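Listed after this line are the structures, all set down as C-alpha cells.
Two complexes, one shared chain (chain A), two partners (chain B, chain C).
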Partner chain A sequence: MDIRVLDPNPIYLDQTFRLRFRFSNNYPIESPEVTFIPLTSPPRPVPLHPHVYSNGYICLDLLGASGWSPVQNVESVCMSIQSMLTGNVKAERPPGDEDFVRRNTLRPRDVNFVYEDATV
Partner chain B sequence: MLLAMKVTIKEWNAVATWRWDMPEDEVCGICRVQFDGTCPTCKYPGDECTLLIGKCGHSFHMHCLRTWIDQESSKGLCPMCRQKFESKRE
Partner chain C sequence: MDVADPSDWLKTTVPKLAPVESALRCQVCKDFFDTPMITSCSHTFCSLCIRRCLTNDGKCPVCRTADQELRLRRNWTVQEIVDAFQIARPSLSSLAMLELNHSSVEKPTSKRKLDDTDLEEDTDDPIVTVQRRKTRSHDSRLSNSTDQATAPSPNEAVQAVADENHNGNGSAACPICGQRMKEEAVFLHLDTHNEPDAPSQHNLRKSRRAPSVEVVGTSRTNVKPPERLPQLNYSLMKDVALRKKLSELGIPTTGPRSLLVRRHAEWINIVNANADSSRPKSKREMLRELDIWDRSTGRSIASSGNELNNAGSIMRKDFDGAAWSANHSSDFQDLISKARNTGRADSSPRKNGSPANVIVEQENHESTTSAQLIDGLPERPASSTIPNSDDT
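The block that comes next holds the complex of A and B.
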C-alpha cells in the first residue's frame, strides 16, 4: 500500500511511501504487522520521523497489543500513519535508531516500544 | 349474475422470514459482515449466532465480541469506544 502526505509538510513533500501489511489468521482480533519498506524503483524511502526506525519499523500504539482494536482496518491504520507524518516537524530518527536496527531480532509487534513522547 | 365456486383447501404451507431488529445496512464492526449474516465462524444466522448490544450502544456478533473480550489485551473494553463492555440484556 502506497501512502502520501497530502498537505505541504516540507519533510515529506513529493514523496511516496510503501507500507507492508501482514495479517495473521487472528486478524482483526490481532493487529496486522505494518512496516514501511524501502524501494529504489519506484523510489519509496522510509519517512524521517522520530517514531519510524530506519528499518521501517513504526512505533505507534495502535499497532501494538495495547492500542489495537478489532474495529480498526487498513484504511484507518493508513489514516493514523498519515496523520502521524502530517503533524511531524522533526526530520529525525528515533533516539538509538542505529543500535536498534543493528541489534533487533524481534518482529515489530513484539518489540517493547516505550511510547514516551506523545507530542510527535 | 354471479357464479360462486366452491374451493376446498386440502393443504397449505406457511413461509416466514425474520431479521434482527437492526438497521439493514449495519455491519458488525469486528468482522464487517452485516448483522443479518453470521459471524465468520458460523454457517447459519439465528439464535446460535446472536448479537450483543452493549450499554454503550455498540453492537457486535456475539462470537466476534467474545473472541475479542477473551484476549487479555482487550481489558474487557468495547472495541468502538473503549468503555467497559456490558451487555444490555443478560
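The block that comes next holds the complex of A and C.
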C-alpha cells in the first residue's frame, strides 16, 4: 500500500512511500508487521525519519506487542504512520542506523521491542 | 456468506445504517457479534474474541483496561439485536436500494427528507415481523420462559403509511426480479421475494451454529450447563503432565511445549466461549475449530520460536518439515478465511472515507495484498527476515 504525506511538510514533499503489511495467522490479536519497502520504479524511497531505519523498519509503539491492540487495523496503522511523518522536523535516520541495518537479523517486531526498551 | 460490510449502506439511500451495523459488529473480528460478552469496562466483544485477547495480554482491546475472563458477562440483548438485524438486513437493503432507484428516476431534490421519514416507517415493519418470528423459534429452542416477548401488532397501520410515502407516480422496477410495476406495487411485491428468503437464511445461520443440543461438551446432561474449563498455571506443569492433560481433554498432544500450552489455552477459550453461547456446538465441531487453529496459528507457533518458551530453532526445523509439507493442502481454507479477514480489514479504510492524508493506490494495494497473503501465511524460513532482501 502506498502512502503520501499531503501536508506541506518540506521533508516529504512530492514523495510517495510503499508500506508492506504482513499479517500473521494470529492477526488481529497480534500486530501486523509493517515496514517501508524501497523501490526504484516507481520511485518509493524509505522516508527520512528518526524512527525509520534505512531498511524500512519502523519504530512505532503501535506496532510492537505492547502498543498493539486487536481493535487497531490497517487504517489506524496508516494514520499513525502518517501523523508520525507529518509531525517530523528532522530529516535524519535513527542513531546507529547503518550499524543496525548491517547487523540486524531480527524481525521488525522483535527489534522494536528491544529498541523501545533501550531508549524509551 | 458474510461478505456483507457496514459500508454497503453508504451506497443506499440510508447511509445512516452504516454506523448502526458497525455497532453490531465486534471490533476484533469485524463480524457480527457471536455470543457477545461485556467486559468490566463495559465493552462488548464476541466471547471467543475477548477470551483470546485476554489470554494474550489481559486487557480490553478497546480501552486497554485490565480484565479477567471470570468477569465477563453475557450480553443477551446485543445478541438479540444482532440476530434480528441480520434477519432484517436483506429486506432492509432491498428497500434501501429500491428507494435509490426511485429517487434517481424522480424527485431527486426532495430525496433527502423523504428518506429520513421513510427510514422510520419502513424499517419498523420488517424488523418487527422478523423479530417476532425469530423470537418464537428461539423460544422453542431454549425454554418457553419468554412467552410474552411475542408482541402483537402485525402493523397494518405502518404498512399503510409506508405505502403512502411511496405513492409517487410512474412505474418502478423491482430491484430483485426487474419486473416493472406501479411504484406502490413494488413495495408489496418485494415481500414475495423476501418472505421465503428470510426464514431460509435464518435456518442456514442456525444450522451453521449447530442445533444439536444433545452432545454438549463432554457432559451428557440433557439440556444446559455446558462444562467450563479452568485455566492452568502452565509454569508449574511438567511436559509430561501437560501432555497428559491434553490427552484427557481429547485434544492433540503433539508438538513442542510452547504449542501445547497455546493449544490448551485456545481449547479452553473455545470451550468456554461455547458455554456462553445460546447455541452451543458439539464437541466435534469445537474440535474442528481447534484443528483449524492448529493448522494456522498453531503452526506458526510451532515454527517460530515463541514468547512463552524459547524452545528454539531445533524444534522449529523438525516441526516445519513434517507438519508443514504434510498438510500443505489444508492451508487453502486458512488462506480463504485469511483473505476475508485482511480483505475486510484493509478495505474498510478505503470505503469509509479514508483518513484525509493517506492515499491508497489501488492497483498496488491489491497486488501487495496478495503478496502478503502468500508470504504472510504460516511461516517463512527464519532466515529470510530482512525485507529488502526478500522483496526486491
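By definition in this document, the second predicted complex is superposed on the first by the 111 of 120 C-alpha atoms of A that agree within 3 Å, B and C clash if a C-alpha of one lies under 4 Å from a C-alpha of the other, contacts with A are read in each partner's own complex, and residues count from 1 in each chain.
Here is the rule we use: contacts are C-beta pairs under 8 Å (C-beta built on N, C-alpha and C of every residue); 3 or more make two chains touch, one makes a residue touch a chain.
Computed from a predicted model, the values in this text were never measured in an experiment.
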| item | value |
| --- | --- |
| First, second, both or neither for A:69, with chain B first and chain C second | both |
| Contacts of A:29 with chain B and chain C, given as first, second, both or neither | both |
| Which partner, chain B or chain C, touches more chain A residues | C |
| Intersection of chain A interface sets (partners chain B, chain C) | 28-29, 65, 69-71, 73 |
| Of chain C, residues touching chain A in the complex | 27-29, 49, 52-53, 56-57, 59, 61-62, 64, 296-297, 299-300, 307, 334, 338, 341-342, 345-346, 348-349, 352, 354-361, 364-365, 368-369, 372-373, 375-378, 385-388, 391-392 |
| Contact footprint of chain A on chain B as seen in their complex | 29-32, 64, 67-68, 71, 73, 79-80, 82 |
| In the complex with chain B, residue positions of chain A that touch it | 28-29, 65-66, 68-71, 73 |
| Chain A - residues contacting chain C, complex | 1-7, 16, 18, 20-30, 35, 37-39, 55-57, 65, 69-71, 73-75, 78-79, 82, 86, 104-108 |
